[in-house]
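Look for chain A in each of the two complexes below; its partner is chain B in the first and chain C in the second.
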Partner chain A sequence: MANTDIEQRKQELLNQGYTEVYTKTKVLTDAVLHYCPGCGHGTTHRLVAEVIDEMGIQDKTVGVSPVGCSVMAYNYFDVDFQEAAHGRAPALATAIKRLNPDCFVFTYQGDGDLAAIGTAETIHACNRGENITMIFVNNGIYGMTGGQMAPTTLVGMKSATTPYGRNVALNGYPLRITELLATLPGTYYVTRQSVQTPAAVRKAKAAIRKAFENQKLQKGVSFVEIVSNCNSGWKMTPVAANKWMEENMFPNYPIGDIKVDGKIAEGIDANRLVLSHPLTVVNK
Partner chain B sequence: MAKELKLMKGNEAIARAMIASGTDGYFGYPITPQSEVMETLMAEKPWESTGMVVLQAESEMASINMVYGGAATGKKVATSSSSPGISLMQEGLTYLAGAEIPCLIVNVMRGGPGLGTIQPSQSDYFQSVKGGGHGDYQLYTLAPASVQEMYDFVFDAWDIAFKYRNPVLILSDGAIGQCMEKLYTRDYIPRWTEEERRANAPWGTWGKPANRNHNIITSLELDSARQEVFNHKLQAKYREMEKNEVRYEALNCEDADYIFVAYGSSSRIAMKAMQMAREKGIKVGLFRLITLFPFPTKQLQEVAKNVKGILCVEMSAGQMIEDVKLATNCSIKTEHFGRFGGIIPTPTEVLEALETKIIK
Partner chain C sequence: MAFKGQIVIDTERCKGCAVCLAACPMQVIELSKNVNGKGYNYTEVVNDKCIGCASCAMVCPDGVISVYKKQC
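Now for the complex of A and B:
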């Protein structure tokens, strides 16, 4: 629907007595999202855009998009944007921030991009303590490429390249990169959130806001993982995918703050950070 | 710093020229034989004088992508490496060319393939001017033959890079990088002010003001028809470079019966061989390539019209010779002479090659 059509339709509804309770965020463009219905990317985009809007930093924000489902994030955010090669977003963001220290710089990456092909760039940007925000959407699969195994695919989970389920002997373990990054001195804020319920959305937004605010402190990377579904790749309805995510992804990727203000968050067992947290085996 | 006469290593000249030419950022990774570039920058601490950012990256893949990120904000950003590191950068180079980002890359070549040797070589010609990375793209490629040119070409690189929105490659080798020669430094060019950056790079991602649309830096275009149009635009740009930006030097070519074609270190050796030949009464000229892309095709054609033979001298198994033969349409006897794997030929060897391969 063209924008003028949307405006016209809105006016009609207002004339019929409807009240406007929810509007598009200013920092998102009018481009129609290409994401699958039910995917967490749309919500996460909106939260990032709301934070940029509310902080009044649209004119000094530079985003970096990855290769993967969110490769074209630059079409949706009404801020200056760069599209990186696969996995390299943290390297781009490093230079953008160092050369433009007054800018707010964020990367927006998926699991294959951030935790497989870009592992070195991720770890070293975090270890250098770059003053950037990293948004990491983890849905345990390569969505854009057609549902292949990701570094975060759960043990036993079926994908296009693990048709009999992820087998540790063949494929190794899911990589909990967020826990790993929390152990680095260069990360200042590390948290894992989700966006499948209104309560989760509110918490995720608060986390993203904090991650952007932290750039003013110049104390290192603020890293927000969003555990999300991939209903297309998982071959489920959106509702079933969210339920499956809660039952299977959350035990392996526990929701909540891991590191706050440079310190391991309250209630986090330090053992979890050195990989002793038990992995579950899923059957899907 | 004003104009001064100094004794300096080629790699140090690159670093000092970066500072003096108003470069905003350098991102690199150590590799022999070019490590003095970053070592000089770190010792000079230009962040305290000009405000230039210098950072040691975790890999060449990271450093070229830092160049991408920084240069896409409309600033002058550079990196340097040597052959194996430049191979790692090929992904970044094709993205930079595809997104039309002005930047500077310096390759101080060493012998290959693989890890090869740390000694000088010129076997990256194909990689530099025939693509290297995927897709149809070109890097404007300058081949310095002296420490002075290592210095001067950094200044020239920024002019070309921003004029055409294209990456510029300085293709040097371990001999030029490591040797010390006298050099005239130049007056400092200050780094661009914020206003100058915005004026010179209106396409840059430096934060979207209310009065313009958001700037997007990308090489992605899923619509093939539009991607083809974009490819035509790139090709038109490369043709403009061929028309306007070719550089070469022709020495003693007017009366020459034979010419050497060479660039970089090899051109210095060929120059000596030319003098030795002239002393023996053989009329030899030297056609030195300064730009490898764009290749001085027409100029070489003109010079070669009246010669009996061409000896291509390159520290490789014979790469540049392909473009020389194309330029002359294979109408003149043309042979390659090169030592490789890190061996530098002597002028005597070059002259012998001329006599045995061309004159007979």
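Now for the complex of A and C:
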């Protein structure tokens, strides 16, 4: 259907007494997302845009896009955007926030950007307690460059550079950077969410909303990790990738709040925060 | 209180990932046998059981689904 047909159809439904329950927010542009079919990036973009729309902060939001799959995020958000050098989004966001304290500043990064090359910037921005929101999309792989091993790749998980599965002796352990950041005093809100089911999407949206609202409090970094699929990198269909993610990613990256209002959330095992939580070995 | 729903799918932007098929509680959506301009089997509505829950729109990565509902 062409755009005009869609608008016509929507108008017809409204004339027939239907009310609109859901439509794509205007904070996202009409550009077609370049992501692979079924990628969690698209959903996460939409959630961030919806939160910006609902809070009415479109004209005072500045985003920082990373290098990675989401490098062209600036094409899709109808808000001010900056493109950072690889991994340096938190440093750029620091500058933007300090120069424009009234703006809502968020970084949008993947695991290769935030947890590998940008580790120093990430940790120091969090440790300084910069008053920004960080959205971290973790799919356990370098998606854009062809599915190489990332710091977050699970033990035993096959990737382009670990064809026999990630071997701890050779490649080390997966980095749970979200737990690591929760131990820093500068973070105010740290949570891990996912976007594979309607229920998960609603929770993730509430978390992103809280992360943006926290900027008004000036208490420190609000960090939202979204565990996502990478169906092309994992060589699966989108639906199978979501299922695999639930079975294998979630035991290693448990979903839920880790730090709320500057305090470790209830029910969080202290062992998990010092990274001695047992990792499961996957076979794919 | 029952609701009757309608969804409008932007078939040209749909990538046929089928995530909405898995999310739909009423099995309203199927992949089309036809392809769109980009060569994807887009999604289409195959019956009138839609209840307007917006689960499909919630999980759609490309935001191509708009949902409408009315009480009946």
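Observations on the structure shown:
To be clear about the criterion, the second predicted complex is superposed on the first by the 263 of 284 C-alpha atoms of A that agree within 3 Å, B and C clash if a C-alpha of one lies under 4 Å from a C-alpha of the other, contacts with A are read in each partner's own complex, and residues count from 1 in each chain.
Quick note on the criterion: a contact is a pair of C-beta atoms (placed from the backbone, for glycine too) under 8 Å apart; a residue touches a chain by one contact, two chains touch by 3 or more.
Bear in mind that the values here come from a model prediction, so they are computed numbers and not experimental data.
In the superposition on chain A, A:Gly143 makes contact with neither chain B nor chain C.
Of the two partner chains placed around the shared chain by superposition, chain C is the only one that A:Thr237 touches, whereas chain B remains out of contact. In the superposed pair of complexes, A:Lys24 makes contact with chain C only, with no contact to chain B.
Legend: residue contacts after superposition of the two complexes on their common chain; A:Leu13 is shown touching chain C, with no touch to chain B.
When both complexes are overlaid on chain A, the residue A:Gly112 reaches neither chain B nor chain C.
By the touch criterion defined above, A:Gly38 lies against chain C but remains apart from chain B after alignment on the C-alpha atoms of chain A. Residue overlap on chain A between the chain B contacts of one complex and the chain C contacts of the other is empty. Partner chain C is touched in their complex by these residues of chain A: 1-3, 6, 9-10, 13-14, 16-25, 28, 32-33, 35-43, 46, 195-198, 201-202, 231, 237-239, 242.
Put simply, chain B touches chain A in their complex at residues 24-25, 27, 53, 55, 57-59, 61-63, 65-73, 75, 77, 91-92, 95, 99, 204-210, 214-220. Across the complex, chain B is touched by residues 29, 58-62, 64, 71-72, 74-75, 77-85, 88, 91-96, 98-100, 103, 120-121, 124 of chain A. Remark: chain C residues 5-6, 8-13, 15-19, 21-23, 40, 52-55, 57-70 touch chain A in the complex.
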